[in-house]
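Below you will find the structure I want to go over with you.
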Amino acid sequence: MIETILKQVQQGELNIDEAKKKLALYEDLGFAKVDHHRKKRQGFPEIIYGEGKTVEQIISILEAIKAREEEVLITRVTEEAAVAIIKKHPEFTYSEISHLVYWKNQPITYDESKGYIAVICAGTSDLKVAEEAALTAEVLGCNVKRFYDVGVAGIHRLFDQLDAIQHATVSVVVAGMEGALPSVVGGLVSHPVIAVPTSIGYGANFHGLSALLTMLNSCASGISVVNIDNGFGGGYNAALIDRLASKG
Amino acid sequence: MIETILKQVQQGELNIDEAKKKLALYEDLGFAKVDHHRKKRQGFPEIIYGEGKTVEQIISILEAIKAREEEVLITRVTEEAAVAIIKKHPEFTYSEISHLVYWKNQPITYDESKGYIAVICAGTSDLKVAEEAALTAEVLGCNVKRFYDVGVAGIHRLFDQLDAIQHATVSVVVAGMEGALPSVVGGLVSHPVIAVPTSIGYGANFHGLSALLTMLNSCASGISVVNIDNGFGGGYNAALIDRLASKG
Amino acid sequence: MIETILKQVQQGELNIDEAKKKLALYEDLGFAKVDHHRKKRQGFPEIIYGEGKTVEQIISILEAIKAREEEVLITRVTEEAAVAIIKKHPEFTYSEISHLVYWKNQPITYDESKGYIAVICAGTSDLKVAEEAALTAEVLGCNVKRFYDVGVAGIHRLFDQLDAIQHATVSVVVAGMEGALPSVVGGLVSHPVIAVPTSIGYGANFHGLSALLTMLNSCASGISVVNIDNGFGGGYNAALIDRLASKG
Amino acid sequence: MIETILKQVQQGELNIDEAKKKLALYEDLGFAKVDHHRKKRQGFPEIIYGEGKTVEQIISILEAIKAREEEVLITRVTEEAAVAIIKKHPEFTYSEISHLVYWKNQPITYDESKGYIAVICAGTSDLKVAEEAALTAEVLGCNVKRFYDVGVAGIHRLFDQLDAIQHATVSVVVAGMEGALPSVVGGLVSHPVIAVPTSIGYGANFHGLSALLTMLNSCASGISVVNIDNGFGGGYNAALIDRLASKG
Amino acid sequence: MIETILKQVQQGELNIDEAKKKLALYEDLGFAKVDHHRKKRQGFPEIIYGEGKTVEQIISILEAIKAREEEVLITRVTEEAAVAIIKKHPEFTYSEISHLVYWKNQPITYDESKGYIAVICAGTSDLKVAEEAALTAEVLGCNVKRFYDVGVAGIHRLFDQLDAIQHATVSVVVAGMEGALPSVVGGLVSHPVIAVPTSIGYGANFHGLSALLTMLNSCASGISVVNIDNGFGGGYNAALIDRLASKG
Amino acid sequence: MIETILKQVQQGELNIDEAKKKLALYEDLGFAKVDHHRKKRQGFPEIIYGEGKTVEQIISILEAIKAREEEVLITRVTEEAAVAIIKKHPEFTYSEISHLVYWKNQPITYDESKGYIAVICAGTSDLKVAEEAALTAEVLGCNVKRFYDVGVAGIHRLFDQLDAIQHATVSVVVAGMEGALPSVVGGLVSHPVIAVPTSIGYGANFHGLSALLTMLNSCASGISVVNIDNGFGGGYNAALIDRLASKG
Amino acid sequence: MIETILKQVQQGELNIDEAKKKLALYEDLGFAKVDHHRKKRQGFPEIIYGEGKTVEQIISILEAIKAREEEVLITRVTEEAAVAIIKKHPEFTYSEISHLVYWKNQPITYDESKGYIAVICAGTSDLKVAEEAALTAEVLGCNVKRFYDVGVAGIHRLFDQLDAIQHATVSVVVAGMEGALPSVVGGLVSHPVIAVPTSIGYGANFHGLSALLTMLNSCASGISVVNIDNGFGGGYNAALIDRLASKG
Amino acid sequence: MIETILKQVQQGELNIDEAKKKLALYEDLGFAKVDHHRKKRQGFPEIIYGEGKTVEQIISILEAIKAREEEVLITRVTEEAAVAIIKKHPEFTYSEISHLVYWKNQPITYDESKGYIAVICAGTSDLKVAEEAALTAEVLGCNVKRFYDVGVAGIHRLFDQLDAIQHATVSVVVAGMEGALPSVVGGLVSHPVIAVPTSIGYGANFHGLSALLTMLNSCASGISVVNIDNGFGGGYNAALIDRLASKG
């Protein structure tokens, strides 16, 4: 890359100002450009973390991204901010349960020719986080199958669906309270499991610490963990892996 | 009780010194005497906590108990102390794996006419604690069935034995690492489950904290928890419950 | 069980679709069916955890349960949800102090022919949790005697009632702050003690951590612990044990 | 599957005992068999966790596995146990730095036709954990490239190797102390990053808690975390993902 | 005592019902009576912990106490409850800063013939807790001198008042943030120091944990610690000690 | 100093009352006077910590300081208090983002003849704390250059500005979430780095604990840390160092 | 004081060098001299903290103290150091259980004319810490009565000795595990209670944290707490209070 | 810079390979080169962290550094490693107390023409860490004055030396146990204070956590904190600041 630019300079095909721009700090490094390229190459939108940003900030960022990408995803959006965004940009969708706001230049569909991500959650109280994971992966272009309310306290509910879970490319397992579900799933499947602890519970749950520690200490192999309530992280990691499997 | 004593005093059947003795602090309360009676009534031996006691202290206490009870149980005995105890009292048995030393005036047997306690453990590394629970319950006169190495990472091992587990009076479930096993068992049985977290694991296990929190936060009903590595507590609680069931 | 089905298939008494259904995952395992049976056999209602569920979700679940059970119990119901539930189902009762909503097809009564559960609490601030335990056990069909405000700072209050406590089948001991009461009770009774730490206190109480650790580390035998503020868990465990004792 | 068996029974092709065996608990579930199949299908050996097992236990397990698999991997083996194992089975190799003992029926080689896993570590003190990850992945049949001592305190060392890192299928990033390296790598690559915190450090490192929290809270997307010092987990997760990519 | 009662029974001076009452559980123990006597002997009122009690509960308890004591002290009273109490009992005083409500049958005065308690606090933000300590001690009949805003960041403010502090009988030292003041005071005085950590601070103060640990680890001798924000405990302990010194 | 005073006394140049005043406790020590002198000598205003103070208290303190100093700085002022202060003292300025209220007898300017402090922050959510640091340093008379939103997840943004950062006298690096930025900056500059963890983040961030531990454990040399969200502390420390450099 | 010195200077009775010495920093403050005086006035020896000091350091300090005091007390002395000290100073005594080495110019006796300190401990494992408290108080000249092995699990043992405990001036209550004993004692006595948590216990005891929190959160008034295992602190605080009571 | 290179390429003064090298990753960035320059410019040696490195690794690194620098400093060296290093390189010095090994091409001297760093420590047990700080600063070419054993429990010892402390350029304050000393010093000086918590203490010290929190929460301005026991960090930060002051 650098060689090409230098040759163009040597041969007068490129003037110095242009070359400087191309070789400017992050372009010399190669990673800023890669950053741009990565999005194009991956079909992954730039993600906007909505928490702590004003509606104005969110809107100007999303407009910048929408101008050059095929999807826009904003996480952790308050009800109030979502309404304001959609008022200005009615082409966006607000998912109330997952607090995601997103836009795609084509509808979310299920592509039978590809594999799918299993998003599994233990209880109905964990739905918010599970949906954040599932919808993130769908916006990023993946197929998702949802397996909800299959916690270990009634483990037959899980086994009823085991076959479909085992055929997924990767599982995102969301659980609060004691967070035991990823260990059980991890022992039953041969694909990677992304475990997402939630802060659902009370008392010695300590806002998700209990589920987090459970998942980190899992005796099943093939489990890795993201932050408490980080459904987005679960969905994003799964999408990265699912894309690798499709490309493979 | 007090009335009887007072009437005897009033009627001159009891002199004041005798009455004072009967009304003396713990006898008036009834609980010190009850303490003595309790052991007789329950058929439960007084338990000696061996940690932090000298061999001499242990021996003099065990001799005092053995003089009036039908069993003696000493917990957390070091190898060295066990050898010294058995040298002096060869009628005692040392269980190397559970660090228990005990004596019964009749051998431990399995009484088919009664129910049994299920002692279940997740991995071979938890055996020490599981055996402390199982042997404690046996010394206390209960039937015990052992279900070892049935952790959630290969949950079919548990299901293979599910029927026998479901027929127990009470389960003691011992698990380290993420400690998910009691939740799974608790969802499959209709009897009380005593969960015993162990300190087995590494890293973010934090010496058993992970398993402890998991068990306290279990989404399955009917689970209560004892201290980390407290196999004795698990066995003792189970024996109390099993005895209630037998008496019922 | 499997053998019977197979024989029926072999002898043409059962067609393959019927047999598949009977051998379907959780039926082959026996635990899903057991799940159904368990409730019938135990006389225990399915419990609805109210927290994080919408009023609509709660109502549709309770209607499903009420259709086939003789009791319905919903825990952790907000004032607002309770009003909405009872508006639709005036046959339900709301216990304001314990945040329970329940229905039984017959009134809660005290059955003198059976034993009873002692629900003991340290201070008036712990009443909420103690009542959750007591009422849970009553809805589950147990006798309950309440011993309230008998904390260790004025221990004579406990001794005044010691006799009645000692005659219980099982005790649920609820305490906040330093949580010392279960240790004292555990040293005075010969039945199992379920300890329930509460988050009542301030400063270094750390939302119930202090009481929780106290109870886990109790030097008295026969104590097991449930989650902080988990009055339901205390009552449910006690009911399991009390039922064993009645059946015994 | 069940249907086939039932039809064979119906048609007399299978007697009832054989059918019962095939439908026996875990076979009816399909997961125990899958368990066996999984290893064959995946080319992944069963892993033996060496900690807390006696040399005799390890040897009998490894012999059982070796009889039917093409690789055997034992983790967390002490020097002493390793010597004993290799004395009996000189075909095994002991990696002193990673405390792994393993055997493959063919040498570890680098297969240029496939992608590779980048194992990246921050400091020389993290080598033990990084090597556990790297060698695990190699024994599981993956290509591994090592990028060691590229911590954030001298970030140019990382950039020097950025190109090779960016071309990996998946990265395992091992770091102790403040554990910042995965965030930096995660921002520079478009593939999944498995972060492995180590307990290297002192003072407020709290045995790896610092690095663990750093990694869980990473502001870069695409990072998931395994337990402290769990190099094996890092390598195993990476191998699962790398295999997906190869199969893709 | 018991002897006297028995003699009276023997001599017919006391009938059995009266005697039973006197010997009733806590009277046999001697501690319940002592409890009553203690208050009279000590001139200490029974303290009502206001938190978590309804206004009605508080009022009925305070009326019971006021009927037989010369002071009533209620701690942790909300503004709202205080207004309601004083509306009904205008003879009570509400200290807004310390959230105490109290009544004495004689005004709080400073008795020059006795020693005094030094209540020392680090910053103006700690005033609430310091006043709770000071006023508690005053209601309990002690002299109090206040030394406020003398934190270690400007230690000359402390030295200006050192002489008066050194002449106190006992010091209550209240501090938030890093809580270093008790150590400095403890090194300068020869009387007991009661340290009261407050939750004042932010960030790594962790709601008073920082100050609590500082005080527990003080390198100065003669310091003991009460709970975070427990001004009442500080004042009460100091009053106990000051009373001993006066009686001495 | 003492000698001079004594000589003046000896020679009758100073009467005893005057001498006593000069030798009075904190003046004998020299530190109280120094305290006064220090502010004059340093050009540093006395700082008012606004949290937990009433508007009246703040106003009377600021008037006292303003009477003798050239700047007044009040930290952690609520919106409401700020409005009240400025109503009375319209010469004061309220910085909404940093919650600082301040007054200087001359405008904040950038003095090209001196060095500057780099205030660097990772994300837009950390702006509040970064501005508290930057404005504190400016009120204290230092030059400040701001480098915002240069977090490690897109590290090229940092490198783009590296040259300007490297030329600063001292850096204040503000970061939440995993707090990795100070380590990266610390490895790239040769001046002292003051790291300020923020409580920005969620889940296992634990209100800034994650970032705090990261910074304390930094593998880069030359980093010291202040309390969570303590932007003021970061700015004040930097100003002390910057002043040393200017004086040098 | 200062006035006197100044007058002497003015009148030529004191030269400037002498005056400077008298007014030198700590003498002007009065506290260094007080430090010396304090020991004489109190009859309290200077205490040597033995941990982390070499035998040579300890010996030279004890010789300096012994030259001017009537007692010497050294805490936390290893067996090895004790032997070396006593070899050189055979007039010293080593208490093996409490790790104290001490010397008094007259034997420890019990003075019937004075009050006494009650040192109470829960279990035999807490003896080490209890003896450190008891012996410290005795070396400091107080009467001590020991009440050992009276933990709450068999509370009648405590009541048997209640009368003697209630007559003490002050109690030191030592307890490990759940640490409930101080709460029970605090509810039964009218004098100050110094609570000493010990690290005795296992599992969720977390090296004494459990007992520490219990004691800090005690619902009984009149309890203050010292550091974990700080028997010396317990004894020293009790001695300060006991001395006040004697002087009173 | 980039422009110059491009122009040289354009004008044929530089061939493409040479230009590529100059524009290669870290050289384009300028920071790797800066890294080299930094050491020369600063006169600061590269520091070797000795922990977890073999003697061979240490020796080869020190030889590489010694070849081009004027000082070499190795931290956290074990006795055993130190002996081996000095055997091979007798020109190195081992400081037993601080576990540093170092070499300078000229002796450590005190340069009266420059300012000095005050290294202050609370107790003799903190000496190890204080010496690590002091010697680090000396090896880095700074003047150091030591003020040892001046903890807050006898604060006059600090005041005796206050003048000398106040004249330092920067203070490093080392303290264990409650860690209060930096707050006191910070309130008395007008220069930056680097606080170093140590793990000295017991019980609720929690291996330095107590002192660490104290220092982070200091109410005195101008204090920043390094990791527990990180004497090196304290000395290094102080040296950075002291150098700024000298250059200023």
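A, B, C, D, E, F, G and H label the chains in the order they appear, each numbered from 1.
Heads up, the rule we're going with is that a residue touches a chain if its C-beta (ideal position, glycine included) is under 8 Å from a C-beta of that chain, and two chains touch if they have at least 3 such contacts.
Values in this document were obtained by computation on a predicted structure and should not be read as measured data.
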Both-way neighbours, i.e. chains that touch chain E and touch chain A: B, C, F, H
Least hop count linking chain B to chain E through chains in contact: 1
Listed chain pair A-F, E-H or B-E that repeats interface E-F [over half of contact pairs the same by residue number]: A-F
Contact-richer chain pair [C-E vs E-H]: E-H
Maximum centroid distance from chain A, chain identifier (CA atoms): G
Centroid-based (C-alpha) most distant chain relative to chain E: D
Where chain F and chain H are represented by their mean Cα positions, the distance between them in whole Å: 24
Chain F-chain G separation of Cα centroids, rounded to whole Å: 43
Between chain A and chain G, centroid-to-centroid distance (C-alpha), Å: 60
For chain G, residues contacting two or more additional chains: 25, 29, 31, 154-155, 159, 162, 188, 203-205, 209, 212, 216-217, 221, 227-228
Touching pairs among all chains present in the structure: A-B, A-C, A-D, A-F, A-H, B-C, B-D, B-E, B-G, C-D, C-E, C-G, D-F, D-H, E-F, E-G, E-H, F-G, F-H, G-H
Interfacial residue positions of chain E with respect to chain B in the complex: 2-3, 6-7, 9-10, 12, 16, 19-20, 23-25, 28-30
In the complex, chain A residues that touch chain C: 124-125, 154-156, 159-160, 162, 200, 202-205
For the chain A and chain F complex, residues of the former touching the latter: 25-26, 29, 31-32, 35, 51-53, 57, 197, 199, 208-209, 212, 227-230
Touching residues (chain side chain A, partner chain D) in the complex: 29-31, 34, 38, 41-42, 47, 159, 162-163, 166, 169-170, 188, 190-192, 194, 212, 216-217, 221-228, 232-233, 236-237, 240-241, 244-248
Contacting residues of chain F [partner chain D, same complex]: 122-123, 151-155, 177-180, 183-184, 186-188, 201, 203-206, 209-211, 213-221
